[in-house]
């Protein structure tokens, strides 16, 4: 079974090929069947592997790709607990979202195209997590970027959407460059790009910290791009332009966690790169807090979720940075559950609201959308870190490790708690504004309000269950931390340097837990007080906002800042370069040579005056010069 | 050289005449005078030839140059009715430039060849080389080919002169 | 010698033709005569000795010194061993290079006759023109094989005097008159310098015989060369004048433009070839080899100047004929570059260059004549749209211009190649750079015609009709250009042997 | 007894150079084509004189023979040259070189 | 023998075409190029076999005397490096010919004859083992393209093509001088004649002093730098690409600029070790400047064809940097291998892109991106093909652009991390301009002009599909290319002489 693992990515690829080439001729239902079926099959196979794996690590070779110098790159797959975990998330949640999409995208004229892209995305995502070397990972890495581009700009008639897609692709590419350079440095250092060789090599030459720090930072730049960390996070909120299932799958559950996967995969390198790890943690925690503050005052339902995603990703990196690899991966998993659920719920709301995304125009949807409401609530609680929902456990594990981190740990921890307070606040703000209070939309919308079809609610329910109970795999202070034990082989070599083990439940951790829960509860209370009890609705006009709120509402003007500092100068520079340097200088110089020749010619020709007296005069002068120069 | 010999005096006189008349050739306003001065120059040169024991050549020189070529010049000048000051006088600076250029040319040339003074006679002088029979022998043995080929030259010049000189039919 | 006799005989025959009224027969006789001359010239070919001039003791032997420079190896020839070529009274020597260049010039003249057919038909004395050309050719042949200063002088005059006449042969045309006058007056002025130079060299060496001069120069220390040096400068005036090199080039554009076009074609091919071969026989043999450090810089500077003036002025011309005149100055620069190079490759370079350049020029001038006759002008715009109007003319013109510009696979490319080869082996890097720049500017003005032919719209649709003879001529020249461009060994293999430039002097 | 035994060859050289230079000067100075032609003749005569002097110095008749050829050529040149001048005069009624500058640039 | 026939066939067909009239010409030309491609495949097979057997196949080379007196031989050989380039040529020419099927060129027989003639010259450049032969083919390739541009080009072509011609000729004349200089320094054997043989030239180069080597180096480099082109020798390129008829642009960008990079590889690298040591860094810097500079220029373009033209400069800059970043003696084949792979890939991609530009122009009559937009609405198939080819151009993995670019940046990194960082900017900037172009042409609401965008004709579809398939095929399976060059690249790298200044 494991040797057939190569089929797992191939299945969605086949799905993609069929739909892409024959999509026009197939009926929508057939497209759905192929699209969902291929993912389901992949999921089933993954499950099979999961049960057969027993903590082993196996490599499955599909075919040789290229081999240059010391570099031998195969299309081969590494099947180990880490990858299997991600595969499960990808295929599992991927399948659910496919199913959801059959309802959500119903009636769209490019229904087949959508499924084709989704399948292609799953293919690349699987490639990313399954690859047994950095190159295959990079293939997936860039491939998901492409799919992200295609899906964000799925409704390509809208210029803004296109811009968002383009922005996503380009910002990602900035990160990709870092990844690429990091990869090359790995190759130069370790003479290979295969994970096993690289890691054993790093293991053997652990003292080479400077290089590993550089590699780590370069890789992390890549992760920043893909996983939307400061300073490369700006694309993710814009990426919400894509259809909501896309946001759920790509921009919440799977693709954005690729960075986490990459660092977790490279754990051996990072544990030997203290500075890089510190950078990861620092950027993670800053992003977590920073994005959370922006989330506080957003009014677009998807934007709130987007910033929340950025923030949660920050937590994951925080975990990775302090060495809590299992914690980070754990949070990836739970986050996938509840964030996918949130997005799908939001999608359901938007679907019901005929495309409206502004929460100021919603309210009181509890009644019309009971299932959506319930599942959304579960997810909200989960993300806010209230036990016993899944988010609590994963976040707790990260924060517990952070607290113990040498030096900066306490500060990180405080920041983490602040972040989670804000998370709880804005999530419940979102929840109350959407589902409670009175309906603030148009009567037309009110008339249309309806619960979504089965195909959409079923995935919601399944995800709600997972979001609720997903945390049990990582309950601390049980003799067996399931997830940790499962992932152990993947982080074994890293654990030679760092203790990634779950904390045994002691008074310290209990105190931390209680503080965290209390803080979150307080935030929820405030949200309830403001938005439920007082029925406060964010104002429509910006002018009334207090200054700091306005700044936050405008996302600290970071986009504007980037525009002014990077994009505009880039445009200006290229325009200036073209108009002045290229045309007026380089090209003009070349043309100037021609002009100079002609000008000289037009002057020199006057020596040919036609007067024979002058001719002979010139000849005589020439003779005189010759005689004078050569003889005296 | 302590004494100035007769030959040297003759050399001086002839040279003076040659140079003076050459200058006059250049600076005479009337072309006819130029021709006449040139003939004087030629005679002076012929005198030099005689001094140098090239008697035959002196004779031929006078016949060809003074007798034929200069007459031809004179003839053309007369025929074209150029025997007055028709020459336009361009700006003075052109003339000055010409004089300066020519002068420098002259000085340079003289200067360039001054270093040759030390060249002395390498072999005893043979006074007979200028005689007809010696020249004839050389001309018809060593220089036979150029002699023959100069006929081509003459033919070409002749035909050419006729070609250009005769009036076009149309 | 036989060639010279044959040619002068032909010339006289041409003159007689008018008298005895067999003008109709004359043309075929001319062709046959020229073919005969070529055959005779070829019969002088000897395979056993390939040096430039056996009489003048071959190519200058070149020795490469430790610092990478080439210097001539002054080895005094042993007089007893000299003279294995076909010498006549020690005046002429029909050595390998003479054979090659004679054949080139004779063939060019043959092509020229095809080109000129019909050109003088409106003149009442076309036979005189033919006779003049043949006399000039006689002079040119003399210049390929002289071994005596007398013959050099006579050759130049025999070449020049008919040309003065030919330049003025459009008697009613003011520009033809002016051309003839300028050519004549400056020509005789230059002859004066040449003669003064010859005299000075005679004064130093007591001989007009090149071999004796060579012996003298090579056996005397540099200190006693004042006469020689001055003489060389003065001779160079006359010779550089003939080849049209700056700063003695002023006559060329005016004369080329003013002369009847076929005469211009003759001047820019045969006459230029003769002039360069005259230079070659003096400077690339033992004659002036002993004083190369003296004359190489002089000719080098002239070469650079020639490149500059010729090309840069050609670039601004609008009149094709005048442009070709300036371009011929530029080609003179290339020929001189080979002389300056003063290496074992120089002679070959010159021989090939003259061949390539002559054929290319004949083709270009043939096209130009047709254009002039049928559009009434010789401006570049008269070529507009030729690519559509008459593809044959356009294609041949293109090939010819490519050859003149030195672009493969044409003969002109190899010509330039050999010149650069020679110059580089002689170590004249800056002149090579100059030459490259000159080639580029050359491309500029040649391609203006190509652009006009293929890119510009024609002013009218009048077709250009080409006579059958000209068609054949154009075809043949194009083929020769291409064939020489692909198989240069056709000339070079049977040409002058290149002595080993790294080795020692070759004395047979 | 030849002058060459008494008079140094340098004197002749100088004389010839002066005459030659005068010829050049004349050619440059004058504008009348016929006189320019005459000055060219003067140049040739300077050469002839020098040749004869050298001939005497070297006791070599070759130079004198060479002078014959120069004379011959000079004659031929003059014939052609005057023919050209006649032709020009017929067309343009002038022999002034300043009017013969239609061909230029 | 087979190599000679690779050169001979197009020539024969070109001559044949000259004497053919009528509409059938294009089909004959297509057939000819396909036959040529078949021969090329056979050659590929033979080479592969001889490599695996490690036994030289004499059918792949030919060495006969051409100009005896100069020591010039008609010495051609197919090795792995040249095979890739020949394969590229033979692969692209049929596509280029096919791409012209929708057009009516005046005087078609001449047009196609010139294309085939150019193919002949290009193949000659790639297989020449003799310096002189190389130069002759090098120039020969210039002539047909000049006429193609001059006779069938767009606005203002006279001036622009002229600039192109003179500029490139300037470079090649200096190359000629450098080659002659090398030639004159070759040792002479019993024949007493120097030789232009590549190995002899290399030997001569190695024996020269540092200054001499520098001159030779720059002479050669100038030609290659102009042909590729790299900054600051590039200004002929955008205008020429823009003005040339699209088939001409394809020939220029797809194949001809590879002459420059190929020249670097075969003729410059091994020739002058001292100069390489001294000047190599300068060239790398220039190349990297041209990557960034051209990318900026591409961003500034409003005209799609010009955008592609500048993008081509950027790509070729990367290739050049990868080649020149070699450090002799370090046995790092990545840069060289990458450059070859990228030459191959870039040829395919850029031809595809120019064809796309042409398709758009043929329907809309403009390359102005501002006037286009929304074509995706009416031409989904075209969009997909465009997208695939564009992804190849931005070097997305699994497209052909990736392997080469990765190896190139790898090679440059081994040379210097900073250099690689700057060179790698192409990944970002490439995405910027390409996506901009794609977006403004294809995406957005359909405009009144673009609504009439007619579907692809069958010939257009075939060309684009073949190119797109190649983009993906060589992205997924670059092994054939890598295998065939492996030995020779290794040999080249090993042969580089280590020097220390």
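Read from first to last, the chains carry the letters A, B, C, D and E; within each, the first residue is number 1.
The rule is short, and it goes like this: a residue touches a chain if its C-beta (ideal position, glycine included) is under 8 Å from a C-beta of that chain, and two chains touch if they have at least 3 such contacts.
Here the structure is a predicted model, which is why all the values come from computation and not from measurement.
Student: Which chains lie in contact with each of chain A and chain C?
Tutor: Looking at chain C and chain A together, the chains touching each of them are B, D, E.
Student: So, comparing C-alpha centroids, which chain is the farthest one from chain A?
Tutor: Looking at centroid distances, B is the chain farthest away.
Student: Identify the chain whose mean C-alpha position lies nearest to the mean of all protein C-alpha atoms shown.
Tutor: Per-chain C-alpha centroids ranked by distance to the global centroid put E first.
Student: Between A-D and C-E, which chain pair is linked by more C-beta pairs in contact?
Tutor: C-E
Student: With chain centres taken as the means of their Cα atoms, state the distance from chain C to chain E in Å.
Tutor: 42
Student: Just how far, in Å, is the C-alpha centre of chain C from the one of chain B?
Tutor: So the centroids are 32 Å from each other.
Student: How many angstrom lie between the centres of chain A and chain E, each centre taken as the mean Cα position?
Tutor: Going by mean C-alpha positions, chain A sits 37 Å from chain E.
Student: Would you kindly tell me how far, in whole Å, the mean C-alpha position of chain D lies from that of chain C?
Tutor: 27
Student: Name the residues of chain C that each touch 2 or more other chains.
Tutor: 150, 154, 157, 161, 164-165, 168, 171-172, 180-182, 185, 189, 200, 203, 206, 226, 229-230, 253-254, 444
Student: Tell me, which residues of chain E touch at least two other chains?
Tutor: If we look for residues of chain E contacting two or more partner chains, we find none.
Student: Multi-chain contacts in chain A: which residues touch at least two other chains?
Tutor: 594, 605, 608, 610, 612-613, 616-617, 620-621, 623, 627, 631
Student: Using the contact definition from the top, classify how the chains connect: line, ring, star, complete or other.
Tutor: Graph shape here is other: it fits none of the named patterns.
Student: Chain pairs in touch?
Tutor: Once each pair is checked, the touching ones are A-B, A-C, A-D, A-E, B-C, B-D, C-D, C-E.
Student: Any idea which chain D residues touch chain B in the complex?
Tutor: It comes out as residues 1-15, 17-26, 28-32, 34-35, 37-39, 41-42, 45, 48-49, 52-53, 55-62, 64-65, 67-69, 71-80, 82-87, 89-90, 94-96, 98.
Student: Show me the residue ranges of chain B that touch chain A in the complex, using the header's touch definition.
Tutor: Residues 94, 97-98, 101-102, 104-105, 108-109, 111-112 of chain B touch chain A in their complex.
Student: Under the stated contact criterion, what part of chain D meets chain C in this complex?
Tutor: Listed in rising order, the residues of chain D that touch chain C are 9, 13, 16, 20, 23-24, 27, 33, 36-37, 40, 43-44, 46-47, 50-51, 54, 57-58, 60, 62-63, 65-66, 69-70, 73, 76-77, 80-81, 83-85, 87-88, 91-92, 97, 100-104.
Student: Considering the complex alone, what residue numbers of chain A touch chain C?
Tutor: 594, 597-598, 600-602, 604-605, 607-608, 610, 612, 614-616, 618-619, 621-623, 626-627, 630-631
Student: Would you pull the chain C residues touching chain B in the complex into a rising list?
Tutor: On the chain C side, the touching residues are 1, 4, 8, 11-12, 15, 88-92, 124-125, 128, 131-132, 135-136, 138-139, 142, 148, 150-151, 154, 157-158, 161-162, 164-165, 168-169, 171-172, 180, 200, 203-204, 206, 226-227, 229-230.
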